[in-house]
Amino acid sequence: MSDASPPIVVVNPNSDEAVTQAMSAALEGFRLGGGPAIECVTFDDGPIGIMTELHVQEAALRFGQYAQTRPDAGALISACYSQPGVDLARSLTRVPVIGIQDAGVLSALARADLFGVIAVAPGSIPRHLRHLRRLGADRRLAGEVALSEPVSVAESGRGERSFGLLMEAGSRLAAMGAGAVVLGCAGMSGHRARLEAELGIVVIDPTQAAVALALAAILPGQA
Amino acid sequence: MSDASPPIVVVNPNSDEAVTQAMSAALEGFRLGGGPAIECVTFDDGPIGIMTELHVQEAALRFGQYAQTRPDAGALISACYSQPGVDLARSLTRVPVIGIQDAGVLSALARADLFGVIAVAPGSIPRHLRHLRRLGADRRLAGEVALSEPVSVAESGRGERSFGLLMEAGSRLAAMGAGAVVLGCAGMSGHRARLEAELGIVVIDPTQAAVALALAAILPGQA
Amino acid sequence: MSDASPPIVVVNPNSDEAVTQAMSAALEGFRLGGGPAIECVTFDDGPIGIMTELHVQEAALRFGQYAQTRPDAGALISACYSQPGVDLARSLTRVPVIGIQDAGVLSALARADLFGVIAVAPGSIPRHLRHLRRLGADRRLAGEVALSEPVSVAESGRGERSFGLLMEAGSRLAAMGAGAVVLGCAGMSGHRARLEAELGIVVIDPTQAAVALALAAILPGQA
Amino acid sequence: MSDASPPIVVVNPNSDEAVTQAMSAALEGFRLGGGPAIECVTFDDGPIGIMTELHVQEAALRFGQYAQTRPDAGALISACYSQPGVDLARSLTRVPVIGIQDAGVLSALARADLFGVIAVAPGSIPRHLRHLRRLGADRRLAGEVALSEPVSVAESGRGERSFGLLMEAGSRLAAMGAGAVVLGCAGMSGHRARLEAELGIVVIDPTQAAVALALAAILPGQA
Amino acid sequence: MSDASPPIVVVNPNSDEAVTQAMSAALEGFRLGGGPAIECVTFDDGPIGIMTELHVQEAALRFGQYAQTRPDAGALISACYSQPGVDLARSLTRVPVIGIQDAGVLSALARADLFGVIAVAPGSIPRHLRHLRRLGADRRLAGEVALSEPVSVAESGRGERSFGLLMEAGSRLAAMGAGAVVLGCAGMSGHRARLEAELGIVVIDPTQAAVALALAAILPGQA
Amino acid sequence: MSDASPPIVVVNPNSDEAVTQAMSAALEGFRLGGGPAIECVTFDDGPIGIMTELHVQEAALRFGQYAQTRPDAGALISACYSQPGVDLARSLTRVPVIGIQDAGVLSALARADLFGVIAVAPGSIPRHLRHLRRLGADRRLAGEVALSEPVSVAESGRGERSFGLLMEAGSRLAAMGAGAVVLGCAGMSGHRARLEAELGIVVIDPTQAAVALALAAILPGQA
């Protein structure tokens, strides 16, 4: 792949640059010689975290507008678990567009019979379930559980407190029959590998899963 | 990633070395600097093509036995659309095991609302539908169609005749509402990029999709 | 119910005042003595018709914003078949919020075993199917067909040409087993009664269905 | 609508005139100037309550026979949650026929993502689940719970004891994720508004929901 | 099994004694030494054929009443494809009660991936589909087709004309992917074996299937 | 049926002759005068119990090979709950092939609205759930529970300890709404009748259910 190969553009729709930095660090392993660049973008005019339906809808429009400015991209990733703007962006560009909830859940289905989801907060669960129905994946859901204490998006991927909460949630999902756990927020990437090792079942970071699907969309184009 | 990074092992369960060669060529784009090696393996004692349920069952046992000999692998891929031995291998090794039908179909779901499948021969369709029910993806199937003339697995990925047959099948699926088409055989990879360009909708090669999922399973482990 | 009873607010998210007028006329039968007023609102800054995903997303935000300005309403109806902003508005107001696709399809399920949908244009069908999956109603869909010639939203509810196209589509759905037909656009109301009479099966206008559900949400509150 | 406008006929298939009176009172809000009359009918030869499958089957026949005597009706409602005779009556009359379980559940789906049902007694739950499967709504059921103490149909809609039992059941359903609760018996109407206010989520009385759907079937016919 | 072993009672809910005779003949193979007697009963006061919803509902009550008079039975079979009264009878007796639609369809699922149904007349298809949804078997239905010419229930099981119509319908179902065909009427038994031989796929008579399930319910009780 | 009538061949794919003997005893009631012989076969080269995926896969091949040696059979039954080799055998012989999980679950669906499954060990549950999804029966599953203490296959069908464990599991399933319980292992037959009597709900032995379906496949062939 030449230097001019189209990059994978990962959009963090919130304005927290620290979240984008953590995301970029978690994707370091995918930056390979000869492979596409992986750009991580922050929406400076976004909210500090995507917490409400209003945030999701505003981010959707912003993502759609941004998608039109990046015809040079090899793939565009909406890197919030609510994956704002995926349908919209698909209608506005021919560049492949991938949502991280889709990618995370579908990757889990390829690795185990039943999967579970860890939500940052209970309020997100109904929105996630609604999306799983649309996705058609609800029949394989072992369950979804929220962290038992409030954690910010930025905090969710580092530190012992959030790791402990993730272990607690993951253990409950394993007991419910989950063979794979999807991290239900883009900010938890930093704990993925350790969580997988300690839980003993597959743990999937949805942003990493989306980048892998983006690679599949781009790389074979060389042939 | 160091030189000793664990390889992705792609197993062609038939004994046709030419099919393995074509598969390996179609995966060339995934061999990236610093990334895992991608080994393509032929089962010399397999049949020349996986055509029958007996072939599938025999290949399953062979794949399970082989999986036990490769604890060094980063991921194991059962690279026949019937994905023989995936359940078995998962019970015998802790190495991630991925089937290409799962990977192809799930990747299609991440790219479009409805998907279609192109089968090499009509006889495979009931077996595929049965697997889609188990996978839980049947509700999003626009349809599955077989090539309208007999084509060998090896021939299915090269030459104008097989390309024409793929175009005909793909066009029918697009008319049935498919937004993405999965190539229902490991041998069709060679036509993927051109078919996608000419059909104007996403075309997914299941082996490439499986390798992408394998990358996701391996690469983040570095963090 | 007193004069001050809260009104049902029906929002036409496009800027075509003629469409709003037709909608209001089709709801005349629901304006009953002692019942709530039924206001029909045009979004002056909306597009002339909701034709694209971008229109839908922009209308969603506008509907959400508008919802916050109407705490006095008894119910809010998103009166475009793509029902922009229903989830968003629900998160921003305690006033009942109803989408016309939901209302139309669910009313059809209460009247017949299988239902069909008439779309104004083929391009809307994938978006509708996606919503039916989320709604969980896809298992009872006999089929969805588009008008066989282009018709504007405004034109779709009046005149012999559009009536003929509706009859053609409705007849095809009846042949596919539909016992009820949902008009897949807010603009077709004017043809409902005649179409039902001539087809001989139930025909449902989604805006009328939504107003009926709104009445149920408001009226019992008097008790 | 003229004086001769066809009435909505609500059939209480049990012989408890007090239940019919309460039903009629709960529908008072729907009796609007210029709108259809709403007649509530008691089946004098019915059982005092529809408690068994035999009651349901006998009521079905009675409802079918009655339907044939009311070609003058604008709509016929089978106002027992088991909705006896809906299929039968549809085969015998062209008047719209609506069952209250259908109406209640479908209205709930138009108001929230997941719904719950409160049953008067545990013995009804299997019959309800069976109907939800037929209806295709089972995928959106958060759960169904019965009142924890025996309550007669007549008593279920008035008094503090039954209200307390409804609050207990409704709270459990809210904790199971229900965004709307359907009262699983025609007799509970009297508690609807207060229950909705105290639970803080949508509460749907199925008879009111059915009358609203009947209005939608009748009123637009004026146009 | 002693002479006093409880009989399997097969109820033909129509009053056509010739249909009962044909049914009894088709069950001859199940009358085995030491096994239960198989009684075939005609409802003299039933209609000459179960053709309408009213017939079905009346037969349901009659079957329920009859069930209470046969506590001596080993199993009771409602031998009309609409299986009138199965739910009712189950609430009135502890004797196992089996419906022939359930038995036929479920037996087909045990023999092939996808099944088809042959209806005597198109009018029955919506009723059958509704039941398949309740049964949860709709996802494996390849299709249902009606005989292309009117045939009486009695005639449907004998003679070349009805055999030809069955062959035509069965061939269409095979082309739609059915690996097993269920005869959608109790009267077609006489053609089963020949149809299976000529079609080359499994053909299931629902009454025979129900008797087999009844044997399973009775015989192991001896142990 | 003549002496030369084709036998039902029930294959115990493990090598424990005692299990085969118990199976044969539990089928004694099905050996009727004039009916087919019921042969129970042990795979001497099988494992002592089918405990792992590898056992299942090896048994599948063995069952397929055996099926080819028995063109004289009237029906072949794969009598392990994992039903190894059913798909394979169907591709190799025209003799009807029946799996006991299919037969047990489908028979339960013909007897009650919701069913439950008792597994010998927790490790089998994911494999069973996967099969139920493929079967399309997952929507009617009340639940599956494993015996709370380890029991060998041979021991699972006799003695007070295993009976007590079955009662405990069955009671939990009844509390979860199951109207019928399927014994999730071929070895539990000996407890079926007593368990049904003490639990008060239907209990189904899958091997007996499979033999009944085999009778239905064979006996009508006489007509």
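We just call them A, B, C, D, E and F in the order they show up, numbering each chain from 1.
Note that in this section a residue touches a chain if its C-beta (ideal position, glycine included) is under 8 Å from a C-beta of that chain, and two chains touch if they have at least 3 such contacts.
Here's who's who by UniProt: A, B, C, D, E, F = Asp/Glu racemase.
Remember, it's a predicted structure, so these values are computed and weren't measured experimentally.
**Student:** Among the remaining chains, which ones contact both chain C and chain F?
**Tutor:** Expected: A, B, D, E.
**Student:** Taking a step as a move to a touching chain, how many steps at least join chain A to chain E?
**Tutor:** Minimum number of steps from chain A to chain E: 2.
**Student:** What rotation angle superposes the Cα atoms of chain C onto chain E, in degrees to the nearest 5?
**Tutor:** So the angle, rounded to a multiple of 5, is 120 degrees.
**Student:** Among the chains, which has its CA centre at the largest distance from chain B's?
**Tutor:** Farthest from chain B by mean C-alpha position: D.
**Student:** Comparing each of A-B, C-E or B-F with B-C, which pair has over half of its contact pairs in common by residue number?
**Tutor:** Duplicate interface of B-C: C-E.
**Student:** Comparing centres built from CA atoms, which chain ends up most distant from chain C?
**Tutor:** Greatest centre separation from chain C goes to chain F.
**Student:** Using Cα averages as centroids, what's the distance between chain C and chain D in whole Å?
**Tutor:** One centre to the other, that is 25 Å.
**Student:** If you average the CA atoms of chain A and of chain D, how many Å lie between those two points?
**Tutor:** Here chain A and chain D have centroids separated by 44 Å.
**Student:** Round to the nearest whole Å and give the separation of the Cα centres of chain D and chain E.
**Tutor:** It comes to 34 Å between the two C-alpha centres.
**Student:** Quick one: which residues in chain A touch 2 or more of the other chains?
**Tutor:** As it turns out, chain A has residues touching two or more other chains at 130, 133, 136, 139-140.
**Student:** What pattern do the touching chains form: line, ring, star, complete or other?
**Tutor:** Shape of the chain contacts: other, as it matches none of the listed patterns.
**Student:** Any two chains that touch count here, so list every such pair.
**Tutor:** A-B, A-C, A-D, A-F, B-C, B-E, B-F, C-D, C-E, D-E, D-F, E-F
**Student:** State the interface residues of chain E toward chain C in the complex, per the touch definition above.
**Tutor:** 125-126, 129-130, 133, 138
**Student:** Please give the residue numbers of chain F that touch chain E in the complex, ascending.
**Tutor:** Against chain E, the touching part of chain F is residues 1, 25-26, 28-30, 32-35, 96, 98-99, 102-103, 106-107, 109-111, 135-137, 139-140, 189-190, 192-193, 202, 204-205, 208-209, 211-213, 215-217, 219-223.
**Student:** In the complex, go through chain F and note every residue touching chain B.
**Tutor:** Going by the criterion above, the answer is residues 52-54, 56-58, 60-61, 64, 85, 87-88, 90-92, 127, 130-131, 133-134, 136.
**Student:** Which chain F residues qualify as touching chain D in the complex?
**Tutor:** 113-114, 139-140, 177, 179
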